[in-house]
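We just call them A, B, C, D and E in the order they show up, numbering each chain from 1.
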């Protein structure tokens, strides 16, 4: 990150924290429903000192990576299929959108039924939460490829399999990346949500403990950790890939 | 090898709710190793005809035969230079040129060797690792030509490949094209709006009528090679063709 | 709240929260029989709000969108402490007992030696059943896995406990009514014991009536009337148990479109005592147990003033 | 829909139901945790006969429309801003991704705090759930617009405001539509999830009732209704817009 | 009105990690109402220069003045016909042509009237409601020309606008362009690789050297109008220009 970008970011988040402290000092809401940044920091420090936070993050991230991996693989295949075979779009495609409108909470009974109280159940809920974003972005990206790229490739003898690898995926890549980015956010949300419901280690579990104990500052502390990791991954992983792709395509 | 027949090709397109007849029963026989040029007014149907031969457009009636076999799909036996480049923006110049070879499974070293030769011919060696957005229009056009030439197909379909080139570069490539053709004896169908170009390149020049396109006139060009654009002996052919073409515009 | 109904515009109402569950039969029957309506009179309108999670009731009280509520002791104690004793007061008891330890027939959990590696579920972290289960384990020298022990304690919502129990994925569950009975009747679970067996006098507060302190200060008479009607309802229920059960069943039908089988309602109800005694002692003990499990924060706790004693002529229990 | 498309769809869903009946008949799981299609149908019929289902659908849809409306308006503005102003992207943009990874369940305390137990609270959770998908798709769409369109418009005198209306939105429209589609799915999921947590009328409430009464067939019946509406809206609303746009762009 | 000055314009582009000098200190004065044509080899920097005047490219040094005022941004006073159409695919032909008028707030009726006139000139009336994917390359190019002409800007920048047109259509438009210019007396800068075209249109023809581009030669064409391509009197000018151009290619 360039120094001035970093400065902007730091400034922005500092501003938010100052505003937060300001609202807290104005005493509009009592502390039990609106804690000060300091209290939240304390909770964070505590979580760090007894390592429970790191353990939670580690557990959640591991589940996330597996779930997201499945979602990405499945979403890519499904999205390309839907874009290329109209029948698949008309059948499975419509189902995917339907499935996506079901909240994770409703998947939990099925996940428990199929996988029991295992990591697999959480991973299932995670993957289900993310797959749609990957699928639909891949689909849209592939559908909107300039037809002359496909024509040129076919003309030069590319068969469907080669076409997918050498044209469809690279041509739709700017959108596929966007799908991964969203898939990531939804998977992250999915894993936390599932942990919350399964109450089975991880950050979601810690969040649930905060909620059950009506400990708002712990809830906010965990939310900040979740967001922080989200922002970090976006900045470190996705932003870079995106910048690279955009530069290459002459869009920047 | 490269004997191409078009039998009574008709094609309609929908515009404003009405069917617009574009190809009006085109019949054409091209022998293996012929160099056929097509000229015609803007929008008359030249590209549509070429795309039909390439298998990218399905005719509403009629069929295309290659060496007697009816064609239905695209195939690396008929490679096209598209009028609007259609280069892949995610590949650099070299990878664009090597695309067809890669798809055909040619090993990397061999590919590099071939692409190097054609990039050189197109004076693009310096830009081998540039991406398409970094090229001028004429440079893109040259990449597209190189990408097709490396394939050495039975039939080469070229849709105004030199349109964005300055006269000097064009003259160089006109000579190169003739050399390539003489060496490989491939079948080439070449669309152009430049009559001088058509006369230099073709063994035969077809004049298409304005929409709907029919073959209005065929002119054989029986003259020694390599021909040059400023060869005065070619002027009569040009005049003849222009005379056929002129009334088409005001239609 | 910031964007919505503030206290001022809601002073002509009393907003009550409870669960659609057998332990909360007092507001259900009292409202159906119009006992509260008559007791409160014309000047306040009763607005009801159904919940299914205690912490959320507490959140709503904090945000000023609920005035009185029926909740279990776990969330109440948390809420009281989190608001530094300011936002919540316990007015009265509502139910005692009503939780059981249900085990799989062949799990071997009858004997404490067999708990190693077993999976036992309770509904929510820090709720009444969870505290009881964990305390039960610790008092028998057993520890849960996350504390370095051998027993898996799983906090999962009741419906999911059901599924897991049916699949045989869990060996036991510490659940409230009617889930305890459902596990027994539908899934052949064995009721190892009723939780009240573990309490002094075999009684402990499982549902309590609380009030938002601000509301109490502004509307002491309304609250007084509510508590009186609450008392009346307790008496009515205890003298009309069958009518009460069918009112409960009808309530489920009306509000949820479905009811539970009569057999389940009967057995569940028989495991609960409806009383207005808050059983103060059990609340204090509960807090001690929760604290010993680390649920009450890192800085100690103080329950002074959690019981509201200024309401006259009602059963306030004694300490 | 053309008759053969309809036939394909019916065939596809019939197949699913047959498979379901097959699993049920195989008696892998007991009926009280895995009901047969027939039982679910019965529950649906019951919900229709006492109109509770229609009331639930109506309530949920109303909340959805408002929440989605807010998400679409906000997402469009935010997405375009992020794509056009790099500073906005670096600051608010990164925050959006972070916010999106927070599960709705974690928003509920805040929603209760800010809006109380009102429709507004549910709408807030709904809008928060959907806004990101709209934002990020708009962003991606605008970022990937062929730069020559923007150059041509600027050259012909379009100022930033006109550029947005006359070029950025129409040029990115295929992707914006995809954002709406995803926004819809997440809003629908958000509304159900919020209703479930607020326990306050609507389909989510009915779903929760099913769960609380341990009535698996009711849970599945409601899930099917949720999905059905999702599929219907996709087929009737989005598919049409998409087809129209694609045809116009020569992508079909 | 339309007096344009380019002062020492330099421009670099990055290729393969190295800075490639493209414009090498170009100095040019164009008087109001002049018709300047630019010729040069493919990739020499003609488009880049035009884009710099339009305000779409920022020069690395030097500046552009319009009537003595330095320019930094785009503006409807300098309208460009892009070498690669850049038509809006979401608008039909008529709406594309009317785009600039709409942005300028011209009322619908007036717009229709103007666009009708130019569509007619471009022989596209029949395709007014077609979308761009339904057009041939030459038709798209004509739409792009119409879209620029309707704006009647102080300075018209045209980047090989006739490249995809057949000779007949081109000849018609060459006459039209001269009429328009004579009537409106606007300043026009016109890039072409067709020397005959340059000579027919320009009051002055500039020959650019190959990368990096400099103005290598200026040729005044002082001859009556309207000029026609086959006018023999223009041949000497063509020869002169070609002679300057030829050595540039092999560089």
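Following the convention adopted for this analysis, a contact is a pair of C-beta atoms (placed from the backbone, for glycine too) under 8 Å apart; a residue touches a chain by one contact, two chains touch by 3 or more.
Note that the structure is predicted; figures quoted are calculated from it, not measured.
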Set of chains adjacent to chain B and to chain E: none
CA centroid of chain A to CA centroid of chain E, Å: 49
Distance between the centres, which are taken as Cα means, of chain D and chain A, whole angstrom: 16
Inter-chain centre distance, chain B versus chain C - centres from mean C-alpha coordinates, in Å: 83
Interchain centroid distance [CA atoms averaged], chain A/chain C, Å: 37
Where chain E touches two or more other chains at once, by residue number: 84, 134
Sequence positions of chain A contacting 2 or more other chains: 29, 33, 109, 113, 211, 216, 249-250
Where chain C touches two or more other chains, by residue: 2, 59, 62-63, 157, 159, 163, 167
Chains grouped in pairs wherever the two touch, ordered by label: A-B, A-C, A-D, B-E, C-D, D-E
In the complex, chain B residues that touch chain A: 54-56, 74-76, 78-80, 82, 84, 86-91, 99-100, 102-104, 131-134, 147, 151
List of chain E residues in touch with chain B within their complex: 13, 15-16, 39-43, 46-48, 83-84, 126-127, 129-130, 134-139, 141-142, 160, 163-170, 172, 193-195, 242, 245-246, 248-249
Sites on chain D touched by chain A in the complex: 5, 8-9, 12, 29, 33-34, 87, 90-92, 94-95, 97-106, 109, 113, 132-133, 136-137, 139-140, 143-144, 147, 174-175, 178, 181-182, 184-186, 188-190, 192-193, 196, 204, 207, 211, 216, 219, 223, 226-231, 234-235, 246, 249-251
For the chain A and chain C complex, residues of the former touching the latter: 28-33, 46, 108-109, 112-113, 116-117, 197-201, 208-209, 211-216
In the complex with chain A, residue positions of chain C that touch it: 2, 55, 58-59, 62-63, 75, 78-79, 82-84, 86-87, 119, 124-127, 146, 154-157, 159-160, 163-164, 167, 169-170, 295, 297-298
